Structure formats: C-alpha cells, structure tokens
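One chain, subunit A, appears in both complexes that follow, with subunit B as partner in the first and subunit C in the second.
The block that comes next holds the complex of A and B.
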C-alpha cells in the first residue's frame, strides 16, 4: 500500500449503506475513482447515528474494502451529513465601501462575506456550509465578482446550511475513532448536486432530489448558484415501514416485497392481483394484495414529492428550474418513479448521471453512489484550493504532522 | 310531569335551508336550482364578480369583497377570495343565522369558490348550522395546476365543513355522450347536482314511513370531514328495483360500486308512490348491502303520491377515514341552544355512532337573537332547556383511541410537517382504505 498525496475520499454514512469512494485528483482537476467500499449500515436511522459503536464497525468495513480496492491508505475523509436537524436559510450581508475612490477592494469583499455569514443560529447550531450566491453593488444585481467595480453599497447573498452541533458530532466521532481525519463536513444534498449537474445545468436551473433510505435531500441550483436546499427526513425506510404496517408483514419481508414488486404508480395490471409470500420461518404463507401495495407506496412517494414541491414553491424558486429535475439515490430503483415525479413537478425528470468523473464504470452508473462520488468531487475541489493556498513550508509541516499522527 | 303536548310542537319548526352558490360555477348551479320547485330552500348567489352576479337570476345575491376586488373577479387568486370572504364574514354569518342546514356549492378550480368555500363553511358551522358542501372538481383538461389546486382546496374544505360531496367533472365526462356539447355537459353536471340536492331536500322535508331526517343526516356527516358521494337513480316498471340498483352501481361517482365498499355510513332514501311493497324495499337493501361490506346502512322511505309508479333512490355515502384534525371540529355544547335540532342531533349522534365526537377548546358561544332568548327563557321547566344547560358539563373530552403504529420509527424523533407526523404511514393519515 502506498499513500499518495492526491487522494480524496468521500464517506457517506447512509441509512441503508455506508459507502466510501476513493478518488485520485487528476492533472486537469477531475476525479478518477479508483476504489469503492460498501458496508450495510446498521446504526443509522433517518440519516442520523443511533449506535456509535456499531457505526464504527460498519465504517471500518467500508473503509478497509475501499483501501484494498484502491490500494492506498486512507487518512482523511470528506464526510457527508444529513438529518432532520439540518436547515437552510438565505442571508444577505451588507458592507459600505469607504475608500475615497469608491472602488471595491478585496478587503471589502471579504468583509461583506463575513457579514453575510453572521446569522442568528439557534443554540447549539453549527454552520456546515455558507455558499456564496451573487453580489449586488448599488442595486446592480447578479454580479459574480465585484472586485474592482465602483460603488458605495456592496451586498452579498449567502446560502447557509446549518445543523445541530451535537448531532453533527456523532459521525465525526465515529470516524475519528478509526484514526481518520475528517477533512470537512459536506451536506449530502450538495454532494449529490456536485456529482450530477453539469455547468450548463447549474446555469439553466435544476432541482436535484436524492431519494435516500432515511432522508431525502433536495437542492435547487440556478444561474450557477445554490438557490435553495432542504432535507426531508423521510425516505425508502418509511416506504418499507408503511408496507409493514399496512400489509402486516415483518420488516425484512416488507423490504424484500418492496424491491421485488414495488411500483411508484398504480398500474392497471395490479388491480385485484395478489401474490403469496412464503417465509423461511415456516410460518403459513401470506396473501398480499398488490393493489394495496401500490396504494401504500404511491401515497408515501406522492407525499414526499408534494412536500418538496411545496417547500420549493414557497421559497419562490420553482420558476428558476428550467433544465429539469434530476433524481438519484436508492429510491430511483422504484419502477415508475420518474413518471410520478413528472406528474408532480410538470417538468422534465430524469435519473441523474454522474458527470465530470472517470474511473470504475460500474460505480458511475449507480444512482446510489451519487452522493459518495459527489463527496469525493467536493474533496477534489477543496484539495485544489488548498494546494493553491499552501506554501511549501506549511505543506511540509502538515505532512510531517500527519505522519506522526498516524503512527 | 311534563306536558308533552306543549313540547312537541316547540321542537318541530320548519327547516331553514340556505343554499349558497360561490363563484361562477356555484352561481350557475344555483341559477339552475332556483328554477326548480324546492320549497324551504333559499338560494343565494355569492360572487366577487359583479357582472356575473348581475346576470345571475337567483333570488338573493351577495357580493363578496366589495372593497378588495372592487366588483371584479378574483382572477383565480384564491388567497384574495379568502380575504374577501373573511372580510364579509359578518354578512355571511347573518345569512346563515337560524339556518339548520347550509349547502355550499363551489367550483374548486377557480378563485372565489376555492378561497371562500372553507371560510363560508366555518362561518355556517359557527352559526350553528350543518355545513354541507358540494365541491365541483375541474376537468383534467383544464390543466394540472388547476386540478392540483382543486385537490388542495378540497382538503381545506373537508376540514372546514361537516360534509363534502365531490362532483368530479372528469368522472362526469364518462357519463355524457362523446357528442354532447359543452353546454349540455355543464347542464348535465348541474342536473346531477340538482338531483342530489333534491334528494337530500326530500329526505328532510317529506314525512317518511321509515323516518330518515335531519338528525340522521347530521349524525352521518357531522365530525367526519370526509369526502362523501351521492348517487340518485330513478326507475319505473315491474323491474324498477333491479333497474335502480344497476343505475346506482353504474354511477361514475360511486366508482362502479367501489366507493360503497369503502364507506362508513350509507344513507339510503327511497321515495315512491303508494304501490311500494316491503319485498321491493327488502330486495333493494339486500342488493346495496351486498356491496357495502361493513358500512352501516340507514334506510328511509317515504311515500309520495305524485311519483306514480316511479321509484327514486337517493344514496349518500360517507367515506371511512379518520377525522382530519380535531381542531376544526365545533364543540357540540356550543351549538346554538335555541335550535332544538342540535340537541336532537347530539342525542342521535351519541346513540348511533359509538365514537363520541372529539372536542376542542370552546370558542365564545354565538350571540342569541332576541326571540331565541325568549324561547329559551319562556320555558323554564322545559326538559330540553334543562338538558341543554347540563350538556356541556356532561361532555368529557376524549382523545381518539385509534392508535396507529409507527413501526420501526416508534422511538425516534418525530418529523412534523404541516402538523402531521410523517413517521406515521401516509395511507393511514390520508384515510385510504385497504379492504
């Protein structure tokens, strides 16, 4: 095993699976995926940790698998976070340009960004991301770089994603328990967006929906910036649970039934049909009405889309979505989910494909890996920025300290 | 000892039924209805658009939101319509005063009907009347946004009104011939509504051999907030029972009888000439019972000589489903003490439905008119007024006993959106029935 400098690792602690993606950053700043590690997640509910010790084991399994496949040593990871506690707001910062010639300097820009980041967080709140949107100089809107412009009043919009520090710390602790460094926390929705959307789509305006097992994240991008995002801590697990309650089945059987016979929309052929289930425990076989199955699943999935649509419409960004809706996550595997989404959003809907990433082809086609790949991609972007900023001395010091930490 | 002779007439004054048509669609239906001979129902056309109101031939008219829209239509803006109705709530309340039953006819695809409907339903209930809404849902071809909006407002209306009877224009489309003109299609829609209304009106006013009255209707609808449906069938000749049943089951509003299976209560009202036999009634009830499953069937029969050998069957079903948010329910104790029907309703309700209606914190009791006060004070020894006084204390708040399992999310933090716990299965919250 060798350890290279240009390795970035995305680690997603999902509700259904833990996924580690090892990527190497190429010369042209693209990511090449060289390793994937997966483990069944046993200690996560609705995107949040419920059992730290078990999570540690699962994480270890996933990381070891990824290390073996990529033949590198993983030292640090970009950790994806989600959960009901994560909230997003848009905040505006204001700064008055005081230089006599009224030219916006770099310091002015830094000041206004600092002002915009200062928001009233709820107690125990922690900012995960503060994504810059556009600047406004003297009511002239949508300016990408105000430096060098003249004006008196400089404003900037920030999209701030924040969560509860105590709940964010749970997965960090588990990762640190494996002697790994957390490079950064990344909101899962942003990571999926990074993986799926091309530059043009971000400009045109797109809605990314990550239908996970425990939580559904959604992000609206338009004009090249993040306009709105959110988490709905409802996902595939809820569908399974609904089926278990509605059809009176044990959870594993409900899960299997969902995977085998599930549909997002009612089908003519399902009406009046039923199938019999056999269980390994020798229990008498049970007759399940497929129509009920469809009814229960449709109700839940419809509700998820309804709530997302409502939230997006309330944020006033529905009109910005012109490129369409991009779906990813395990929920995409449900047949007919695309027509259902089309029906709700009245927009072109497709299953998103990872772009701007090369490597193991089988990994790129799976909608489940979008988030983890996005995390690696986020890592690559950060890596590039850090490389630009670091001086030689700093770089050496950090590398030495890393070596000692590891030993 | 009570003098029963003095008691009975006091309890039976004639029904007062107000029928509101809201918005363009509602006004047109009211116009159609007022041309029919329905005694005891006063029709009121209410709209924001003065011009369409002027064209309407209804006997009473009410302009909504005179200051807000200045006589123009809302242009599909239901929020505007809602504020207009809120502003005019005192006026609407005055119109509902003393009414036992308020029909609200509204098209939910537009602005006025969708926005003002829930407000009017609330006002009517606050005035002590039973609010029964006929909601007209748009055709699918009117656009997804309208259909979606209508669905949303239907839910609002269900929360506000005692009962909502849905008329889906799309379902109606399968009823009329493909060559029917637009006018004929709308005419058919109005006619269907008129039939339903007439059926309910007959049920309330005609003395029956097997009595089915306001109290039955109220007990079936009150506190359910569910979508109801109705079907009317008419048949004559020797096979009239079989014909009527066929017609009922083919009715698109009953989803080929599917809705019957999902219903909680089925009200069946028969009217026929003097030739009606008990065998016929028996056959009809058996045929309906065959389709209803576990639903409770309430039967009423009345003899109307004018019908000749015709048999008219009116069927009202209330869908099974949990009540949508107990917050919207009026407390039975706060209903107008002056109207004895409310007491009857309460008594009937407590006898017939095993589940007592959930209660909520009490809004201030409605103002009594002077003659109502008089009526109350004038009979100090009256049993009814004594029970009436004691009633609010007797009612004990009871939470719904229906415990829904959250399965694997039992112990996790609930996710609350729009006041609903999303961990609970969606199909249960929406009252979908698996049978």
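The block that comes next holds the complex of A and C.
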C-alpha cells in the first residue's frame, strides 16, 4: 500500500449503500478512479444517520474495499451529506467601494463575499457551501471577476447551502471513529452536478436530479453557476414503501417486485396483467395486478418530479434550463423514468454520464456512483486550489507590496 | 490593509464549526495567529527596540562622540584673577578633543566652584567646537592667626588662614607657587587674631560678627584719611563687642563694631592734634562717644609709616587664553 498526496477519496453515506471512491488527481487536474468500495447501508434513513455504530461498520467495509482495490491507505475523505435538513438560499451581498479611484480591489471582493455569506440561519444552522454566483457593479450584471473594474457599488449573489449542525456532525463523528479525517462536507446534489455536467452544459442551463433511495437532490445550473438547489426527503425507498402499503406486501417483496417489474410510466401492455409472487419456500403467496403496481410507482415518481418542478419554477430558474434534465442515482434504474421526466418537464432528459473522470469503466457508467465520483472530483478541485494557494513568502511579499502601493 | 480590521457584523462571529479540515484549518490558523500574532509582535518590538538601542548607541558613538566636527578645538578660559588657564582647565576636567555634546556643563561648573579660590564659574558651550569657561576668583584680604592644638605632641602651633572680603576661609596652600601666576602679598595683609580654631573651616565663610566687622574696618580704613598716616597691622577680636586694632606705629585703637567712618574721623582728629603737640597716640578707645581716654607717646619714638602702594583698582578679566 502506498499513500500519495494526490489521492482524493469521496465517501457517500447513502440510504441504500455506502460508497467510497478513490481517485488520483492527474497532471491535467482530471480525476482517475482507481478504487471503489461499497457496502450495504444499514444505518441511514432518508440520507441521515439513525445508527452511528452500525454506520461505522458499514463505512469501514466500504473504505477497506476501496483501499484494497486502489492499493492506497485512505487517511481523509470528502464526505457527502444530504437530508431533509439541508436547505438552500440565495443571498445578495453589498459592499461600497471606498477607494478614492473607485477601483474594485481584492479586499473589496473579499468583503462583499463575506457580506453575502452572512445570512440569518435558523438556530443550529451551519453553512455547508456558499457558492458564489455573479457580481454586479453599479447595476452592471453578470460580471465574473470585478477586480480592477471601476464602480461604487459592488454586489454579489451567493447560493448558500446550509443544514443543522447536529445532524451534520453525525456522519462526521462516524468517519472520525475510523481514524479518518474529513476534508470537507459536500452536498450530494452539488457533487452529482460536478460529476455529470460539462462546462457547456452548465453554461446552457441544466437540472441535475439525483434520485437516491432515501432522498432526492436537485441542482439547477445556468450561465456557469449554481442557480438553485434543493433536497426532497423522498426517494426510491418511498416507492417501495408505497408498493408495500398499496399492494399489502412485505417490504423485501415490494423491493423485489419494484426491481423486477416496476416501471415509471404505465404501459398499455400492463393493463389487466397480474403476476404471482411466491414466498421464500416457493409457494404462491399473492397475485399482484401490474396495473396497480404501475399506478403506484408512477404516482410517487410524478409526485417527486412535481415537487421539484414546483420548487424550480418558484425559484424562477425553470426558463434557464435549456440543456435539459440529467438524472442519476439508483432511482434511474427504474424503467421509463426518462420518458416520465421528459413528459413532466417538457425538456430533454437523459441519464447523466460522468465526464472529466477516467478510470474503472464499470464505475463510470453507473448512475449510482455519480455522487461519490462527484465527491472525488470536488476533492480534486480542492486539491488543485490548495496547490495554487500562495506560499507564506509569496503572501507576505504580496501583502507588503500592497501596503507600499497604498502608502 | 485588513489585518486589524474590526468585523462589524456579529454574524461573522459564529464560533460553531464542524470537525472538518476545511473548517478547522482556518480556525486553527486563526487561533495560532491569535497566540503567535501578539507574541510575534512583542518579540519584534523587543528586537526592534534592542536594535534601535544598540544601533542608536553605535550611531551616537560614531556621529556624536567620535565626530571630529563636534570635538572641542577652541577652549576659551577667562578669569578675573591670578589663576592660570592650565589650573582652571585641570580643575574643570576638560581637554581639547573632548566631544562638546558629551560634556556635562553643570559638573564642570561644580568642579570649578569646588576650588576654594574660585568664587563663581560659568561654563558655556558654543557649538560646534568651542567651550567657554569664565571664573571669578576670591582674593584674600586678611590673615587669621589662630592657635591650633598639635595632635600628637601636645601644645599649640600657630595656624594661618586667609580670608577674603566676604569672610570666606582659604588656606595659604591654595596660593602656593606654581599654582598661580603671582602670589598675593601675604605679609602686607591685615592680621586678625582672637579667633577660635573651630570657627575657621576652609571652603566655608566664617560665622563671626567680629570678623566681619574687622573686614569692614579694614575696608573703611583703606578709604579713610588715616590710611597714609599709620599702618594697620593687626586686629584682635578676642574682646566682645569691640575691635582692638594695632598699628605699626605701636598704637592700640579700640573701636566699636559699627559706624567706622565717624570713629576713623575722630581717630584722625586725635592724630592731628597729637602731631601739633609732638605726640603720637599710644592708645585710644573710639568705641565710646565722649571723653575718650587717650594715652600719648613721644612722636620721635614712633617708627615711620611704611611706604604705601596705591590701592589697585579691581582687576578686570585677565589671563584670557584662547586654546
């Protein structure tokens, strides 16, 4: 085993599975996936930890598997978080440029970003991400870098993703229990976006929906920035639960039925057909109407899409989505989910494919791994950012030169 | 600059952070900065202070103390008496080449005034390279003869002290040959007797009403008409409330302690009267106003009056040396 500085690990604690992706950052700053570890998740419900001890075991299994495949020693991870407590808000920061020549300096930019980050959070709230959007200088909008421009009023829009600190701490504690360091918390939706969308797609405008087992995350990107995001604490498990309740089946059987015969859209061929379910002993147990199965699944999936559509429309970013809708997560395995989404959103819809990442081909094509791969990619970006950060000497020199320039 | 910019928004002060490297790293850095920032600033300040202290000292040495432009090249010494320039320079403790800024003028003045013969001194620094010393000397006008006990052998010995016009006590050794340009004529000075040895402390004025009266008498005598007629050699102050003056002509004159001019006039009148009858005064008591008792002696037996040098006017500043 070896430990290299350019190794980044993404760890997703999903409701259905724990997934660890080990990637190495290449010279061109792309990520090469060299190891994947999976374990069945037994301690996560709706994206949140319900049994810390069991989660620790599952995490260890996933990490060990990934370490063995990648032949590296994992020391730190980028941890994905989701859950009903994650909320998103767009905030605008304002700063008045006070320099005599009205030229926007780096300090002005830092100040306006700080102001934009300062939002009134609910009690116990904690900012997970503060994603910078566009700047506005004296009402001139969509400025990407205002430094060096002239203006008196500098504004910036900031997309802030925040959650409850106590609920965020649970997975961190579990990871630290394995003597691993958490490099950063990353919102799963944002990680999926990083994994799936190319630069052009971000510019054109795209909606990424991560249909997980316990939660569904969605992110809208347009003009190269994150415009909106959200989490629904509804996912594939709820479909299973609906089937269990609606068809009066035990949960394992409902899950099995969903995987074997489930469809997102009603098919004419399903009308009037039934399927006989057998018990573990092979005896016929129950006759299930496939039409009812389709109805139940379609209703739940439509509800999920409807909630997303409503929220996106309410945020006023629906018109910005021109590249289409990109689906990922385990829920994408449901047949006809793409036509359903296409029908619902009236936009081009496809199952997202990971881009900008190389490595184990089997993992890259799996929509379930998009989030974990995105976490690794986020880690690569952070790694690159750290590498580009100024050294102490450079920082000191720059600071002194600024002082002398002002004097 | 932003280093010490105060954060106005209280929401920036949220301290709750997750145990995540991306959050703990800046927090740890901030904590380290909080600890080591003031510490570093203190160390830097101390180092800077020490550097300034040492550098300042070196600069002071180089640019002030060892600066030729500020070295004394012109030492001006002025005195109104007989002290030599070298003696004054020695007492002052200065020499050419000393840094003029380094000199403690108060100390030099004090050093000069510690010498009993120096009545007053003034020291003036004229930058860049001139030091001016002005001295007013004491001039002895009378001798005091007292009997001092011999410490080892027992008995007494005659001690001689010098007094200036203000009663300031000096020793004759202060006027030894070599230390002055010209010695004062000690032999011709008025002798005062009848003092106690304990009253005379060299370097201090004598605290005796009669001594001051004797000195005033001498001053009044020198300005009177009797001065060319008799030689005033000795004044005895052992008798309370009177002065007994002895002349070179053998006369004993008793005088009161004040109002010398009328007493001297009466002395002159008596002296003139004696001359008309061929007599000379043997003794007279001028301290009483009426019916003065006078004893006469034959005028032919009286020694003649010494030739008197006219009184010198007060000397101006002489012995000026420009070093």
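As a working rule, the second predicted complex is superposed on the first by the 385 of 407 C-alpha atoms of A that agree within 3 Å, B and C clash if a C-alpha of one lies under 4 Å from a C-alpha of the other, contacts with A are read in each partner's own complex, and residues count from 1 in each chain.
Everything below uses one rule, namely that contacts are C-beta pairs under 8 Å (C-beta built on N, C-alpha and C of every residue); 3 or more make two chains touch, one makes a residue touch a chain.
As the structure is a computational prediction, the values presented were derived from the model and not from experiment.
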Clash or fit (per the criteria above) of subunit B with subunit C on subunit A: fit
A:245 touches, of subunit B and subunit C: first, second, both or neither? first
Partner chain(s) touched by A:76 [first = subunit B, second = subunit C, both, neither]: second
First, second, both or neither for A:181, with subunit B first and subunit C second: second
First, second, both or neither for A:168, with subunit B first and subunit C second: second
Touching partner for A:115 - first (subunit B), second (subunit C), both, neither: second
Partner chain in contact with A:382 - subunit B first, subunit C second, else both or neither: second
Smallest distance from any CA atom of subunit C to any CA atom of subunit B, in Å, after fitting: 23
Contacts on subunit A seen with subunit B and repeated with subunit C across the two complexes: none
Parts of subunit A lying in touch with subunit B, wherever the complex brings them together: 45-46, 50, 84, 232-234, 237-238, 241-242, 244-246, 251, 289, 292, 295-296, 299-300, 302-303, 307, 343, 346
Residue numbers on subunit B that touch subunit A, as the complex places them: 144-145, 404-409, 412-413, 415, 417-418, 422-423, 425-428, 430, 432, 434
Parts of subunit A lying in touch with subunit C, wherever the complex brings them together: 76, 79, 107, 110, 114-115, 118-120, 126, 165, 168-169, 172-173, 176, 181-185, 382, 402-403, 406
Subunit A-touching residues of subunit C, taken from the complex the two chains share: 1-2, 9, 11-12, 16, 18-23
